[in-house]
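In what follows, structures are represented as structure tokens.
Heads up, the next two complexes both have chain A, just with different partners, chain B and then chain C.
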Partner chain A sequence: MAGKSGRTLSITQESSWKKAVFSWEGILILLFIAVNILCICISPNYNLKNVLREMPKYLTEVFLLLPMAYLLLLGEIDISVGASVCLSATMACMACNAGLPFPLVLLVGLAVGTLCGAVNGFILTRFTELPPMIVTLGTQIVFRGIAEITLGSGGSISLTNTKQFHAMAGKIGPVPYMFFVVILAAAIYMVVLGKTTFGRRVYAIGSNSLASYYAGIHVQKIRFFVFTLAGFMAGVSAIFLTSVLYGANTTTGNGFEMDAIAMAVFGGISTAGGKGKLLGAIISAFTIICLRIGLGQINMNPQVILVILGALLVLAVLLPNLAKKARSMGIMAKAA
Partner chain B sequence: MSEYVLELQGITKIFPGVKALNKVRFQLRKGEIHALMGENGAGKSTFIKVITGVHKAEEGEMFLDGQKVDFRGPRDAQNAGIAAVYQHPTSYPHLTVAENIFMGHEEVKAGFIQWKQMNEKAAALLKELNADFKPTAEMGALSVAQQQMVEIAKALSTNAKIVILDEPTAALTKNESEELYRIVEKLRDSGVSIIFISHRFEDMYRLATRVTVFRDSQYIGTYDVDKITNADLIKAMVGREIKDMFPKPEVKIGSEVLKVEGLSRMGYFKDVSFTVHQGEILGLTGLVGAGRTEVVESICGVTQPDSGRVFLEGRQVQVHHPADAMKEGLILLPEDRQKEGLILSWGLGRNVTLPVISKYAKNSFTDEKKEREVSKQLLEEVDTKAISVFDLASSLSGGNQQKVVVAKALAQEMKVVIMDEPTKGVDVGAKAEIYQIMGDLALKGYAIILISSEMPEILGMSDRIVVMCNGKVSGELKRGEATQEAILELAMEKSAPVQEGVANNV
Partner chain C sequence: MSEKKSLWKIITGSREVSLLLVLIVLCAIVQILSPSFLTIKSIMDMLKNNSVIMIMSTGMLGVLLLGGIDISIASTLAFSGMTVGMLLKYDIIHNAFLLFLIAMAIGAACGCLIGLVISRGGVLPIIATMGFMYIYRGFAYLIGNSQWASAENLGDFKNFALNKTLGLGLLNNVIVIVLICYVIFFIVMKWTRLGRKVYAVGSNPEAAAVSGIHTANIKLIVYTIMGMLAGLGGALAVAVYSSAQPNMLYGREMDVIASCVIGGVSTTGGRGTVVGTLLGSLILAVIAKALPLVGIDALAQNTVKGVIILAVIILNVVTQRMMDRNNLKGREM
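The block that comes next holds the complex of A and B.
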């Protein structure tokens, strides 16, 4: 019964370089360049070699950013991942000090993180009416509490044998192994999100979970999986963090979850779900890391750096709104 | 002084794409109870919202005691002495009765709420209504009937001269309704004019002296209750001759596809059984709240029934999730297409292929090119008015959005298509196109269940009609024997005044 009116639909999408440059990702790349120029100007020590040397401790947060972006796209949030990092790192250190073989030590770190994520996922998919913000606030306190109990009165643990973790922190030329792992993980996350049925379903659920459910998507299974994934990545982050710090203490991973959320939002991912690209989040992550390294090199007070980053974040979420307002005002002016 | 306490002339209200009211008029005498009747979607609620200042009419005039008024908001209407009580009380469940009554016009002295005074005043109002609860009781702890009483007290507390009751008896038991009648009559005796909206004829006969009928956003007429027969009133409410609007094809009805047996879900429906055949359109109707949507949601795995069995082509199926239903060849096109049917911020093409992305994907990688081609073909098949498959779903009119929802169903191999209110909020032209598509689907051998509150639609498209009332199947009618009167009789709760008035029409 094809098209009674003979109407046909086009299936080609216009693309132009203007659109690419003026997309949020385009603006972020310009910002990334601008930040690097700024850092080179203010700090004589700001060069590729030094940046790569200082990068590892910041890179551990990017592992959390990747699943956090998935969660935000689903319209969810997980603020317990920082505490999961702490608990995973603590357990991995204990396993290492107990003399377990190194692969088993890594497995302990990953398993503890995954378990933390699975607990969040289980609670939130079992009781779907609970807000993820509050549930993960609760588990955050629980996870960190368990870590503190495990750490005991000293509040910290140091590796007695750093050999293998030290090997993990090795480099190829000037580039640390961790950098390659981060890039590989980011690439996988981007492809999965952009090119697979799973990624499409994540966007669908974040845009309209009810319609997705009616369309036959297993919404709760996907939610559970992504929360568990966030826990697993907290485990990954914990292992790499241990390879930098040779230990763990009660403040390990403190604020990591907020940094991850900030990087994602700065990268254009909406906390309301369904909107944004992982590419933007990754560019924004490296922009923020470069800015931190540059400002750190000129011995700027870390608290001042925080103020600058916070202000930038507010500005980033404000910008699209301001642009929209300006556009609608322009339309109104034209109409009048 | 005018004869009428409230008079509206030529009221037109337009929502994007829909004329919700078309030059309607209404006259309310002082101290009368005036019933306002009409089908779902006839425009009653919109009309009430115009009176109470919630909506602003595009055209028309409104007079209070002969004086022209122009409300800019609900506050103006309230100050003018108009109060409305809704079917589902819009209260604050955690606050006390007194706080609810005086919400927005508390007893205040120098910025402080005068609790003692407020509670005393509330107690006086409640006493007037013979209420059996205290003003300090928590609202949420009251029954629906009691909450309604609070709403009426709230109306009285603003010294309302005109009180509008929007389907107040819908959620009440027989005894509670009697209590409400008593209160309403008491109000009338004290000089308040009342507009009473209800689907229940019993309410109208018991209370009203005059009745005004709306149909399809238009004013049909005002009648004296004791002079109009029930049959004439029903005809006024539903009667409309547009048979040719329904291009129902003659389809040879094939073998049984879907059989539902004794399906029950506590609090929603009980012991529902019916069958649908290949090429058949089964109309499922009843008043809003009769349990129609809840039944098909259970069939399609959106909710789980407590008991009962579902057979597909003779084989019992277990459906726990909409995905299971689709695997078996059952699809529900939900009633609220904006919330349940579509992702409005997505393009049309992606909406269409969402349920079937796995079908075209290779090793979990989506095949966007193939998807675009498939969605283009399906969207053209249902004749969607759009420019490209990338147009956002939110940019389409209601009728075209519905077509996209249908295209979504066509993307899969389905046996049974269940359409829940497919023409709700759709203008007449697009309606006819959707009926055309429905007919084409039947010709292709789909079994179709059409849920609708619109009588002409049900009568025009169905081969067979199952009527539900209060969660139960109250009757089944064949195409030949179905009339609007027969359906309404089955859909309405059985009660004495209805029985005596309805003409035997089978």
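The block that comes next holds the complex of A and C.
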């Protein structure tokens, strides 16, 4: 029963292997294996090659998951990242169609995303009373609105020159480049969160922002940085998404923010801040991706997949809570 | 001079008065730019088109007062709306009253389930409602088998939004329902035990629990009411827009939250009034109505709306800071 203060009242010291298996990450790994076995059973086409081929579409969301996990650990939330992806992808496509050299196109995409994040961060650190949910809700409408204005009445844009983006979507053997980038980014994010002072500060602010402020942590600077980082990763996601879709439209990135939040929460990160590990979030992301690919292969109605994902999300949080409640009632009964 | 100062104090001292001022100024600007705005017909149209958002704003007020949030309402609305649409399409039920009851019952059941998960399961509102947002939207597609009901399928039901029977020939049925909702909520929030308990739980849950309020039950009731209003909104939306589609009002839950927040409802709980919510949703409705009238390009409307929402909430914070400073100054003297 770890409280928000971090104090724990453990009764017996459990052995380490037991801890490893029964930790949330352990359960997630078991779930990941179970999902894969299920998919192999229901779909004859479910093999490594096909999964890797279909993965890029979903991997773009993992880029958003990484900074979202940081934000949730801070006790913040950013629902504008999907719109940032839309705006960055639109701008990158525009730049590419205008004949800009490829590195500059990438730069435009990243810069637009970073700017979106910085706007969020600026408003939220300047007016600290404002809840992040509401502000990013407003900026979400604005970002997508700007993309709508840019795209004009057609509402979509497609690349006239797909050569470089096509090269970006290339593969080493069966494994797409994007997979390596995701793994590299995930590794960097995990090391920064687990092994640096910055990471510890993120946890500290998430558990008690006022105490962290008195302890000399630049709370607002870190909040600004992480919001900007979320925007930057939205830019990265937009570029890779463009390399898969060869274009953008007004609905690009719709619902990405919710998927990223769902992956993080399913991975055991509390939206109240300060609790959770990035490893769990990444395992849960791949579990959800595999499930989606498997169910998609047997032509399951996408709406049914939505229902299953929603139910999984609720159950993932509900069941441990109920178990905890039952256990604490048991302890109380024993004490009485 | 002293009178002027007191007037200034009235304006900055009460959020409702300052909101009313914003609304009047907004209407005046729009009226100058486009004289066709302030006619009874155009205002009635505006209210009718925003009725669903306005009704759900009252429920959202309760949810936000508890410090919670509900982003599943648009999905609940689509689910109940699609049920109504399908019942009409396959000629099962034609009675408008019965259909409204069914829609509200479905909404209440959806809301009750969310309330149970949040109050008994201890799941954070944003997570629980996000999950149910997916689930109910999926149900909306499944119940119609991904089909939709068009105007000719709806028969007489769509006339509900055109008739004035409930308003005794003066007001449109839909507007009457909006008014009834606001009056009931105003009374409940101000003068009944339930309303005061909602405020108590929202401002300090521990203190409320210690003083004998069953906080879990209050949460359950509030989320159930929210669901019921979303269900009602579903039936209304089918009547007003004379079609039932599974992607009905996709993403519009954000408009509901925005109109509450513009109306001065705090998302951390405990602060906000029914009048503020009404003014907030009216401001949002006027903005949406005015943008095309003023001649802003249809493509730019979302951007302008977003900028105005941001501006209003930032303005809220600035006036709040000014109020606090003034109060401090008053104490010094």
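Going forward, the second predicted complex is superposed on the first by the 320 of 336 C-alpha atoms of A that agree within 3 Å, B and C clash if a C-alpha of one lies under 4 Å from a C-alpha of the other, contacts with A are read in each partner's own complex, and residues count from 1 in each chain.
Keep this in mind: a residue touches a chain if its C-beta (ideal position, glycine included) is under 8 Å from a C-beta of that chain, and two chains touch if they have at least 3 such contacts.
Only a predicted model underlies this, so the values are computations on that prediction, with no experimental measurement involved.
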| item | value |
| --- | --- |
| First (chain B), second (chain C), both or neither touched by A:Ala323 | neither |
| Chain B versus chain C as contact partner of A:Ile188, first or second or both or neither | neither |
| First (chain B), second (chain C), both or neither touched by A:Ile42 | neither |
| Chain B or chain C, by number of chain A residues touched | C |
| Partner chain(s) touched by A:Ala215 [first = chain B, second = chain C, both, neither] | first |
| Residues of chain B touching chain A in the complex | 302, 321-323, 325-326, 332, 334, 339-346, 348-350, 354-355, 357-358, 361, 364-366, 372-373, 376-377, 379-381, 383-390, 408, 440 |
| Residues of chain A touching chain B in the complex | 1-5, 7-13, 195-201, 204, 207-208, 210-218, 274-275 |
| Chain C to chain A touching residues, read off their complex | 69, 117, 121-124, 126-128, 130-135, 137-139, 141-142, 146, 246, 254, 257-258, 261, 267-268, 297, 299-307, 309-310, 313-314, 317, 320 |
| Chain C-facing residues of chain A, complex | 77, 123, 127, 129-131, 133-135, 137-142, 144-146, 148-149, 152-153, 258, 261-262, 265, 270-272, 301, 303-304, 306-307, 309-314, 317-318, 321-322, 325 |
